[in-house]
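In the two assemblies presented below, chain A is common to both, partnered first by chain B and then by chain C.
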Partner chain A sequence: MRMSPIIWMSTIAIISGCTGNQSAINPKGAPAIHIAHLMSGIVAVCTLVWLLVMVMLVWALLRKRSDAGEQARERGLTTTVSAAVGATAVIIAGMTIASFYTTRDIGIPGEAALTITVRGQQWWWQVIYADPDPALTFQTANEIHIPVGRDVHVQLESTDVVHSFWVPSLAGKQDLVPGRTNSLLLRAERPGIYRGQCAEFCGLQHTHMAMMVIAEDPESFERWAVAQRGNSVNPGKPDAVAGQVAFIAKPCAACHTVRGTPAMGTTGPDLTHVGSRKTIAAGLLETTRGSLAAWIADPQTLKPGNNMPMVPLTSVELKNISAYMESLK
Partner chain B sequence: MVRGRTLANRLLLTSALLALTVGCGFLGWMRQPRELRTNPPVLADLSRFRLMSNGIGGAPPESYFAEAEPYENDAYNLSQGKRLYTWFGCAACHGDGRGAAGPSFLDGWWLYGPEMVSIVASIRDGRPHGMPAFRDRMTIEQIWQLAGYVQTIGAYSAKVAATGRNDGPQTRPSENRAPAVMLFEEGPVGVNPDQGPSP
Partner chain C sequence: MTPLDNVADLRDTDLNDVELDRRLASTWATPKGVWGALSTVDHKIIGRRYIITAFVFLALGGILSLAMRLQLAQPEARFIGPDRYNQIFTMHGTNMMFLFAVPVMEAMAVYLVPLMVGTRNIAFPRLNAFSYWMYLAGGLLLWIAFAIDTGPDVGWFADVPLSGPQYAAGKRADIWAQMITFTEVSALAVAVELVVTVFKQRAPGMSLDQIPLFVWSMLVTSFLIIMAMPAIMIASTALILDRLVGTQFFNPAEGGDVLLWQHLFWFFGHPEVYIIFLPAVGMVSTIVATFTRRPVFGYLGMVMALIATGILAFGLWVHHMFVAGLPRLGESFFTASSMAIAIPSGLQIFCWLATIWAGRPVFKTPFLFVIGFMVIFVIGGMTGVMVASVPFDTQVHDTYFVVAHFHYVLVGGAVFPLLGAIYYWFPKITGRMMNETIGRWAFGLIFTGFNLTFFPMHILGLQGMPRRIYTYQPEMPWSGLNMFVSLSAVILAAGFLLFFIDAIRSALSGPVAPANPWCASTLEWATSSPPPAYNFSRMPVVGSLEPLVDNSGALPVASGLFVDRRELVVTSVVGALPEARESSPGDSIWPLWSALATTVLLIWSIFTPWAVVWGSVPLAIALTGWFWPKGTKEDDA
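Take a look at the complex of A and B:
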């Protein structure tokens, strides 16, 4: 009796982990719903089988030894075992067929409303909204916007090691393998912010390789895309102006692109609209001027081993560059 | 008698296994620690190497030796250097290390000498015959990491520390090979007249 509060608390803690915006059993997208149905179907069947086996076991232990002859007992045994084997075959075949249909349902449809490329890198996600017209192509990092109720075809690539793209509330899990392109269907039925996480161990900072999928109604999505397509805004305040000058003169510009400025590096995330993103460094910190400054001042303490070096800056340069980064809405 | 022998054998076997386990544990413990965040004062010191007036040879800062020459002997730094070689486009002029518009690193000939400081200076400040300066594009630590890697490509002797392997097919002898004498016999490539007589 004294244990019960603890059991209750831990049960609540475990169950609360299943709601929220990163949960396969609280699906909000068609593919995830198909998978959740399959999952609960299989769990139900297996539970039933387990209960049956337990009942049989108890019955076998309790029943009296029958006094039928050796031959009759042998026959009874044959019938029971054949029935069990037959039932197993039927159940497994049923589950195989169910999983076949689920896989078919979560496949890529002929034409998707939107195709985006997600490239995994140690340890962040490069997201490319490609367009036949290169002027309309743009990039974000660690943040994917999609229109609600539309099929989105995600092409998955990797530049270094195997990563895995997993947004449990919206879709299944798919690996990003260097040298090939994998596909995944992403679709959200309801607006919201869904969290995703790399699901294949990929090195030191695997834990800090998260992303946000933001599903919004098609009009908001279009407005967002138009804003992202534009070049970076010119900094207005004097500290941000000075920050831009420092950013371009420092090694920052060799790794990062800020469209509309000479900064055209491609090894780090595109920062053209970094101030508009919810988080920086793959879900590590919320985007605020303070967290930007903390990150730029010492990335190796916040995310040890990540591929952004500590660039020596004076405190004034740091202040200005953070103001500039924050202004890049 | 026989019982005594088997007992002794068992004891021997057990202690051998135990020693093996402890040995493996020790090896794991000895693993090269990774210095992911170099102390800022040590970092600042990296720019303070001394170079001979002709830009060839010189002396690294004292702290470099105090840290046991991390950019030459540390597998993590060498691997980061290998990554930077691709990231900063060295291959555009130096190919996979065999050279193109820029000199080869593989032939064992160094226009400006094989020392770390010479290589660091070549990358940081550039060189007159078409080697751009990377001073504003990389941090000094990255330059040292890259220099350690470049030196490994043309090493005269094999090192204990090695870079990560190539993901693609090998197009040239690997970095951590023992020196291939025949590669060194071809002679220097692309020596300019003002760089003195051919070695």
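Take a look at the complex of A and C:
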């Protein structure tokens, strides 16, 4: 294809220009870096082979022809074709071996790995930081914090259909299959926010099933974990106080948990520290009081078909509940 | 009335050419009128119907893809909502795979294989008629369901549990599963017919090493269909049972297994790719031979490559499941086997290159499409090697990279050769030539439009854009390329539009074609364009791979067949030595009734399992009518 070199070059321009927080070719984690090396190697070899084939094609089509030496030509062709097939075999054998080694490099989490369970649900991510001590176990949603430079062993489960966990800047993807537990090694070499999104079609809102992986230095991570373990802080401001009352009285509490309050529903995401998260509704909106209000007022317009019903609220209740949500840092 | 009318058991040896043609025509021709059209078993009429229907589905599927490109051109567009979008991409994939790609390849074979092997009709011609009606019914079922907002929305692979009773309420997933049954039945029927035609009805003397490569490719493809389709048949039946009568094949909570579905589906799904690609290999070989004015280099190697590809095709399915969490060692095996398919594919490419190099290329439209095929398919092959690597695949699986990859393989690898094949065989099928100038324009637009549309998708995938999303947020860095892709799709669509216009216009008023306009070497060009109902006045006898080149004066023929009943020659499998005169069934309306009864049963069974009981009554009646001895000479034989 004539266009390819030009497009490849323009790609490089595009990639270097963007922040690339969800990109397989802008890797920031050890597994993704290993894969990116393998990818560039294979792409380079394949491009070269393709160019060779194209040169042969053009030559075969346009060469000057003479009538002499038909017999010798057939023999020469047999040799050439055999050699080309042999070369193909050697090249693919090389790629297969390179692929094996890369698989080995990205497979197994080290001893000191932090284990996180991610459970896929239509259409959000439940994230559980389990601890042998149940009091230290906590959960969050659609946002995963990890310490930089440490192996993270992600256990992948699904409560409904098949999803796929994919944070391309950090690692390749792995499916979440109902009835099974899969695992994935995640590791960030540099602090940053890495976006990921469900890669396996999982129904109506497959499109809006994103999550953020926030890699931070170990101290910040520890601070975050301590804060997340705690129960929700009781609101101070009057509108948030009224919002808490409304939240518990209305159907909200039937689906959502806010630890430290009577709200103990488990159908929807745990909202204990929802105000501390970067986004709501699985990466759909940035967390602000306005976006919270918009989401609570009409989730079906923003994310049609999702499992959160529209709960009839007065405008005052809506304002108060949004204030309460925002206060849950 | 001539004196010969009273002669019992009149043979072709008794007649001169004019009289022979007249009598063969009256024995073999399809009666005029609606009844004749509905009861015909002529492989050419059925093949033509099949081809036209498949191209109608291609056009419909193409319109769906344009709708998707309209939606994706800009971030957060609101032309199509998630519910409709999910139906559209499911319909696009299902339609293109089950209603276009596989049937169109079989359709070409239904038309061409009997001509290429020099016989008068396909084996089991009534089954052939039945298979077309089933295919048409399945296609109508899917599209009517879509038109009334009941189109399947679970992806063309219909992964459980998303397609199971718990998560896919309503009848949409059932429509998908039952449409599969229709296309399975029709594909299996054609596959069996082709195997028997190729094995038992070849022209006397056409030993296995003298079969045209297209026929070889269809033979291998037919075996692939026979072995792959049962897997999807089991899968879709189990899905229907889970949905209809509460079995638990795929429900992990009750001991079922989600990955069982994926294994069964892809055990069919991967060979499916080769079911589409191998016929294209045959088309390419045919076109290359004709337009380089020499036989394809390395005939034996090409045949071996076809067979090797066919066998390897069954050892690759796990590469569709590399991220499903299977054991690493097992995955590594499938990396090796997936990469290994590059060897037979490479061999084929090198043999074509050698043929072109040694031949004298004639740059007509069919050959242009073959050159386009080489350029595009090799890219698809390269990205195929990439996704065969487990680590590489974990990054690009289910992204636009894979969308780009399989369009390079399927459009580049199969549709380009198919369009070339249409330009090539159009004069044989219609008796008229397509327009060379428009053909070049169509090729140029399709080639350019295709690459501009699909190449950037590789990059989108690497940049993290997953498949099957109905929109994306403006902060993702994808909007520029998506707009570019959508605009390029317009060029591609214009190319196809031009192709369709040319085909329709040429069929109506193109220049009349001679018997062999391309100076080709295979048997289908030995008869008139279009061929008479009986294909050949006298049965050709073959002594080489290129009968029309090596016998440029006159083709030797065999004689001794009856002319007052439908008869053809049955030959031995390996050497094609004549074994018997065999009668070939005449026209019958019963295949249509049987197909209708089957259709009623299958559609009814979407709603109640009792349909299988009560629906079998009309089906039994129809089949009884089909097989009831009618006392004709064809029956007696």
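Throughout what follows, the second predicted complex is superposed on the first by the 290 of 329 C-alpha atoms of A that agree within 3 Å, B and C clash if a C-alpha of one lies under 4 Å from a C-alpha of the other, contacts with A are read in each partner's own complex, and residues count from 1 in each chain.
Here is the rule we use: a contact is a pair of C-beta atoms (placed from the backbone, for glycine too) under 8 Å apart; a residue touches a chain by one contact, two chains touch by 3 or more.
It should be emphasised that the depicted structure is a prediction, and the values quoted were computed from it without experimental measurement.
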Partners on chain A (chain B, chain C) - clash or fit: clash
First, second, both or neither for A:304, with chain B first and chain C second: both
Touched partner set for A:61, first chain B, second chain C, both or neither: second
Touching partner for A:233 - first (chain B), second (chain C), both, neither: neither
Partner chain(s) touched by A:178 [first = chain B, second = chain C, both, neither]: both
Partner chain in contact with A:25 - chain B first, chain C second, else both or neither: second
Which superposed partner A:114 touches (first chain B, second chain C, both, neither): neither
Touched partner set for A:254, first chain B, second chain C, both or neither: first
Touch count on chain A, higher of chain B and chain C: C
Superposition clash, chain B against chain C - the stretch among 19-27, 37-45 or 91-99 that is involved: 19-27
Chain B and chain C contact sites that coincide on chain A, given as residue numbers: 178-179, 304-305
Residue numbers on chain B that touch chain A, as the complex places them: 34, 36-37, 40, 43-44, 83, 87-88, 136-139, 141-142, 167
Of all residues in chain C, those that touch chain A in their complex: 81-83, 86, 154-155, 159, 161-162, 166-167, 252-253, 257-259, 297-298, 301, 323-325, 328, 331-332, 335-336, 339-340, 342-343, 346-347, 349-351, 353-354, 356-358, 360-361, 371, 374-376, 378-379, 382-383, 385-386, 388-399, 451-452, 455-456, 459, 461-464, 466-472, 476-477, 480-481
Chain C-touching residues of chain A, taken from the complex the two chains share: 1-4, 7, 11, 14-15, 18-20, 22-25, 32, 34-35, 38-39, 42-43, 46-47, 49-50, 53-54, 56-57, 59-61, 63, 65, 73-74, 77-78, 80-81, 84-85, 88-89, 92-93, 95-96, 98-100, 102-103, 106-107, 122, 156, 160-162, 164, 166, 168, 171-175, 177-180, 182-183, 195, 197-207, 304-305
List of chain A residues in touch with chain B within their complex: 178-179, 249-251, 253-255, 267, 298, 300-301, 304-305, 307, 309-312
